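If you scroll down you'll find the structure; I have some questions about it.
Chain naming follows the written order as A, B, C and D, and within any one chain the residues start at number 1.
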Amino acid sequence: MSSTFGRVYRVTTFGESHCKAVGAVIDGCPPQMPLTEADIQPQLDRRRPGQSAVNTPRQESDTVTILSGTENGITLGTPIGVMVPNRDQRPGDYKAMSDIPRPSHADFTYQMKYGVRASSGGGRSSARETIGRVAAGAIAEKWLRLNYGVEIVAWVSTVGTMDAPDIDSDAITREQVDVTPIRCPHVPTAEKMIAAAAKAKETGDSLGGIVTCVCRKVPVGLGEPVFEKLEARLAQAMLSIPATKGFEIGSGFDGVRLPGSQHNDPFVQKGDRLGTRTNNSGGVQGGISNGEPILFRVSFKPPATISLPQATANFAGEDTTLEAKGRHDPLVANRAVPIVESMAALVLMDAVMLQRARGWATGE
Amino acid sequence: MSSTFGRVYRVTTFGESHCKAVGAVIDGCPPQMPLTEADIQPQLDRRRPGQSAVNTPRQESDTVTILSGTENGITLGTPIGVMVPNRDQRPGDYKAMSDIPRPSHADFTYQMKYGVRASSGGGRSSARETIGRVAAGAIAEKWLRLNYGVEIVAWVSTVGTMDAPDIDSDAITREQVDVTPIRCPHVPTAEKMIAAAAKAKETGDSLGGIVTCVCRKVPVGLGEPVFEKLEARLAQAMLSIPATKGFEIGSGFDGVRLPGSQHNDPFVQKGDRLGTRTNNSGGVQGGISNGEPILFRVSFKPPATISLPQATANFAGEDTTLEAKGRHDPLVANRAVPIVESMAALVLMDAVMLQRARGWATGE
Amino acid sequence: MSSTFGRVYRVTTFGESHCKAVGAVIDGCPPQMPLTEADIQPQLDRRRPGQSAVNTPRQESDTVTILSGTENGITLGTPIGVMVPNRDQRPGDYKAMSDIPRPSHADFTYQMKYGVRASSGGGRSSARETIGRVAAGAIAEKWLRLNYGVEIVAWVSTVGTMDAPDIDSDAITREQVDVTPIRCPHVPTAEKMIAAAAKAKETGDSLGGIVTCVCRKVPVGLGEPVFEKLEARLAQAMLSIPATKGFEIGSGFDGVRLPGSQHNDPFVQKGDRLGTRTNNSGGVQGGISNGEPILFRVSFKPPATISLPQATANFAGEDTTLEAKGRHDPLVANRAVPIVESMAALVLMDAVMLQRARGWATGE
Amino acid sequence: MSSTFGRVYRVTTFGESHCKAVGAVIDGCPPQMPLTEADIQPQLDRRRPGQSAVNTPRQESDTVTILSGTENGITLGTPIGVMVPNRDQRPGDYKAMSDIPRPSHADFTYQMKYGVRASSGGGRSSARETIGRVAAGAIAEKWLRLNYGVEIVAWVSTVGTMDAPDIDSDAITREQVDVTPIRCPHVPTAEKMIAAAAKAKETGDSLGGIVTCVCRKVPVGLGEPVFEKLEARLAQAMLSIPATKGFEIGSGFDGVRLPGSQHNDPFVQKGDRLGTRTNNSGGVQGGISNGEPILFRVSFKPPATISLPQATANFAGEDTTLEAKGRHDPLVANRAVPIVESMAALVLMDAVMLQRARGWATGE
């Protein structure tokens, strides 16, 4: 296990799918910031199951409690403990699967790594693990917004084979993203995606998706070469989210098809700062933010747990057919939107604090 | 700066493009392993500039010296210092660029982050920084091979718009990869790539590329959920390499287009272990290796330094045209092959040692 | 804040004196170990306030709940969340002190470091912070005992000017230590200490003390030179406990008075292993355990909060007299006994796991 | 091995007694600071062997080279590699000892931990390992002095049974310390110490000692509760130095003998800041610096390697007599003075940078 993220803004998460509670300890949050549960709950609400007909019907209110680290609604600079109880536990649903590892799920690898696994619902590989991240990210986001005006917005750009047209990443807001429960801000595409999700749910199948994220007004100079370059930390952060298979920043994989003379982002004066005319770099050069929007994409595979019968083998190696019960999500990309935003906030927060440790080059 | 990678096999690198030496300290290498410079030099030779007509003519023999940590050709368990002197320094080449940040290069962000930068050749953002990684990776690779039979092979699968057909990742060897200097094992494609590189060199332009990597015979159970899942560490490792813009594992970005019923990898008995029939997972499930080959891809943008004139702005924000001098690489993907392999080795080595700390589930 | 301890057995604590709960997340505990609250509660009971007439009358049952990381009484290998609610909160007691920093307490430094502090009871500098450590230590201790037979016993050897005669560190047990509430196993001395504590309580004064600790049956080879030598980690661990001012191992400060010829511990065969005739080294040589008992001492200053009037200055720099209210402890050394044991367990656990990562020299 | 120290000012050392070179990589040093070898060499000269008749005659000039991280005498913010070659190698001297582990030396524990050890001179447990620390500390010290006016001065206060009278820690300077080669600033005591050292050298015995250190003008607010309290990090730092057995800060072990009413340090206005009338706290309260001088003591045991014959056992467990050859130091405390200063500087530097990451409470 390695449940701690960050060097100076350090987040440690705990909790499985069906234990008493999930949560996090956020260590290193600067003092004197106003903070109550109301700052955290909205992102948890965007993440929680049962929020719309698109996803799993598992019902969890996911109400967060701050256990420590604040007094009179102000951060003390001490570790902030946050906790969300697990309420809607139905471990019985999972008994049928105990001998058969779900294909492409973590049942097999957890059993092989630990010699034991939570009997139900994926344990630590469950999406419930991300609650602590989202809580920690909401706190980071607030601090980044108050101190630097940072804006982080993610949305669903692809579901299955349906790609949304380009979204204006300079202007997109969370309100626009949340117009539909699928969180694709291009509504005509969103409607198709919702229909596809409904069909997948009905047939017991699942769908993959891509989440795109923009971070605006990020200070120049963030990222710690060489092993903690900003894009390296973002990549780690995103690939630590359940069900992710890919990360690309700026021009990403398609950028390799351009020659350097077309790919390079020429500099141009923008108000009182030097900016770039294009943004193939995705806001980072040499592992350091350059002041342009940070723009990246994360791919989510179709959820492994499906209801359709699957020909597979059990732990004993015997051929069998798995028919999973339980309440499963036909897709996770839309619920992953606040998770992606939160992980981005954790990366940026830590990077800002590390740059402050060194001292801004401008001497601020 | 954050120049240390790994939790128990910890590598710290140092060195810029034009300082006295580059190198690394490898802390945590197990004792009693035979090790001399001859174990390290071959991968450095595959990385070094000037190795073929395809790349930069900068000549560096890149001869490594082990400064500490071994005696009589055996590791002592103490930190292994390795050093490669910088010989072919021509800082004069870079003077013309000092007022004009190269588009898409780290000149601007280093200046903004640190308020100072190496006057020449990219400093710490230079590819020379990777020498320490390759040396450390060669040591990790040897240990992984001796103790677990791990095989790591990377190759160039795309240059510019030229994609190699699928390579048999179960069988590919480094010898096959090295048949051509472009390191694409499909020779007809390699020849086209070489021609394209020659043309780019001639015109002063540059080309992007994709490196694919397979890690075979990786023990089941590696990776530390949640923040150091195996794919998360691989993603961080790869995105820390200069010029990278994307990482994907298994089905990656394309996998989102499949429904779960087609994407899932059914289990099947393989000899004395449970394997999977397909490998969309790319060898990891829930952040933990499952015993199948680990298969991932890394995208490299076209090098930022080109000789073609570029319309851009100088540090003062004035429009200008940059005509870069110096010896530049028309592409880096082929020289990145040993770097990708090395970073993979660092990730796997650390993951194996962390799993040993916990104890293998089988009680070994 | 830096609330995480350990590299592979990592403990993160949270909680102030008067927030909702204190606790810890223990990340990296090996799977498949039987664990319930009953394994943790006894050490918490030895630590809790109000356990005897010697200490503070603050009443806290300090009942621990395991929130995550176990199922059916077995560790899963996932992070173990533990929580103890704060029940007996009387922040009103502290109001009088809000303008006057208590001499030698953390009021002043917390205010200066964070610009804000918990209005009551010391916040994070309170002894309640140690609850998470003790819970985490109890888990580590159980694992060390089950897997290596490690025994850790601490006791009070000095209170004020009263020193206990030498205790047989090879044989001493916790039962013997707990015969009196002052936890000095030499009962005649213990009785004098109890009388002195009662008198200090009555007069509103406080007493310092020294805790001695032995760790027996510690495997040879623990400790990670150079910065995490076993004694260095123990020293850090002990000096992180509230109210500590000194740490010494083996011959400690007195050992400097002996010449090397008398101080050296000659080797001698002991059963099937090489041991030492004397143990001035305190069980460590070159930062690594040598198989002899690890023996160290920790000094605790007299608690800063006393009821006697103190001539001091307020935050505004004006001379004033502080008469502290609240329920204060006349001494902490006896309650610190399980804390010292727990911190020792954390250090040893991490060291064992790090050595397993490397591999025991014997090839086990 | 754990050869990295610090969280944001991170120092990684390498090198054994008789390998090619020893050195360090200093990662995280802020950019734009003037730095050349001349800033580092003086402290290395104070540490080096052969500097006076008091210590070992082993001759090493210990000339440092900066390999990376600076350009034109200015730090770049990139990792600073420093190296000192090992010149005077006489491994032959150690052959006789290869079967007999030196009592109280690291021969036995290194062999047991790693299954192999440097055949000569202590390997990584050698005092030569500290060269990297001293170089890194000299850089930290310069930065602390330039930015905060911090002054760090250590001296020898005890050798064997000879204790110097109290030194004025508010005024003591390195020049005063260096008046005699034994580095005890009370000259009459120093002369007795020198005579005792000469006698020990002549008889082949060795002497312990105590080093006292003061850090003046340390900013208020340094130290990261709870596990990286300032005194906890100092304790770890000091106990990681070879041959140390104890650490105490402020009143230390003697302080336990005072009641709280006498031990507490009352506050008093000092110029424009709140200070304390006494300094039993040793400059830290609650793990955080309070603006008073940080004052601590470190005990060094008599060096284990002596020439006097010792009755002991060999690795096979057979009784034998060891008569060590080689050039040994009759005491290390005086050469440890710059090492103690350097480790203190590393701790303070890291603590300052961590506090900057959070932001000074005053809003600076």
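FYI, a residue touches a chain if its C-beta (ideal position, glycine included) is under 8 Å from a C-beta of that chain, and two chains touch if they have at least 3 such contacts.
This is a predicted model, so every value here is computed, not measured.
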item	value
Chains touching both chain A and chain B	C, D
Most widely separated chain from chain D, with each centre as the mean of CA atoms	A
Chain pair with more C-beta contacts, C-D versus B-C	C-D
Chain centre separation in whole Å, for chain C relative to chain B (CA means)	45
Rounded Å distance, chain B centre to chain D centre (Cα mean)	38
Centre-to-centre distance between chain D and chain C (centres being mean Cα positions), rounded to whole Å	26
Multi-partner residues of chain D (at least 2 other chains)	1-4, 7, 13, 28, 31-32, 77-78, 113-116, 124, 225, 354, 361
Residues on chain B engaged by chain A in the complex (per definition of touch)	1-5, 7, 13, 101, 103-106, 108-116, 122, 124-125, 129, 158-161, 200, 205-210, 220-229, 231-240, 242, 244-253, 255-261, 263-269, 274, 276, 280-282, 284-291, 297, 299-306, 308, 310-315, 317-319, 354-355, 361-363
Touching residues (chain side chain A, partner chain C) in the complex	1-4, 10, 12-16, 19-23, 25, 27-28, 31-32, 65-72, 74-81, 83, 113-119, 123-124
Parts of chain D lying in touch with chain A, wherever the complex brings them together	7-8, 28, 30-32, 77-78, 225, 353-354, 356-359, 361
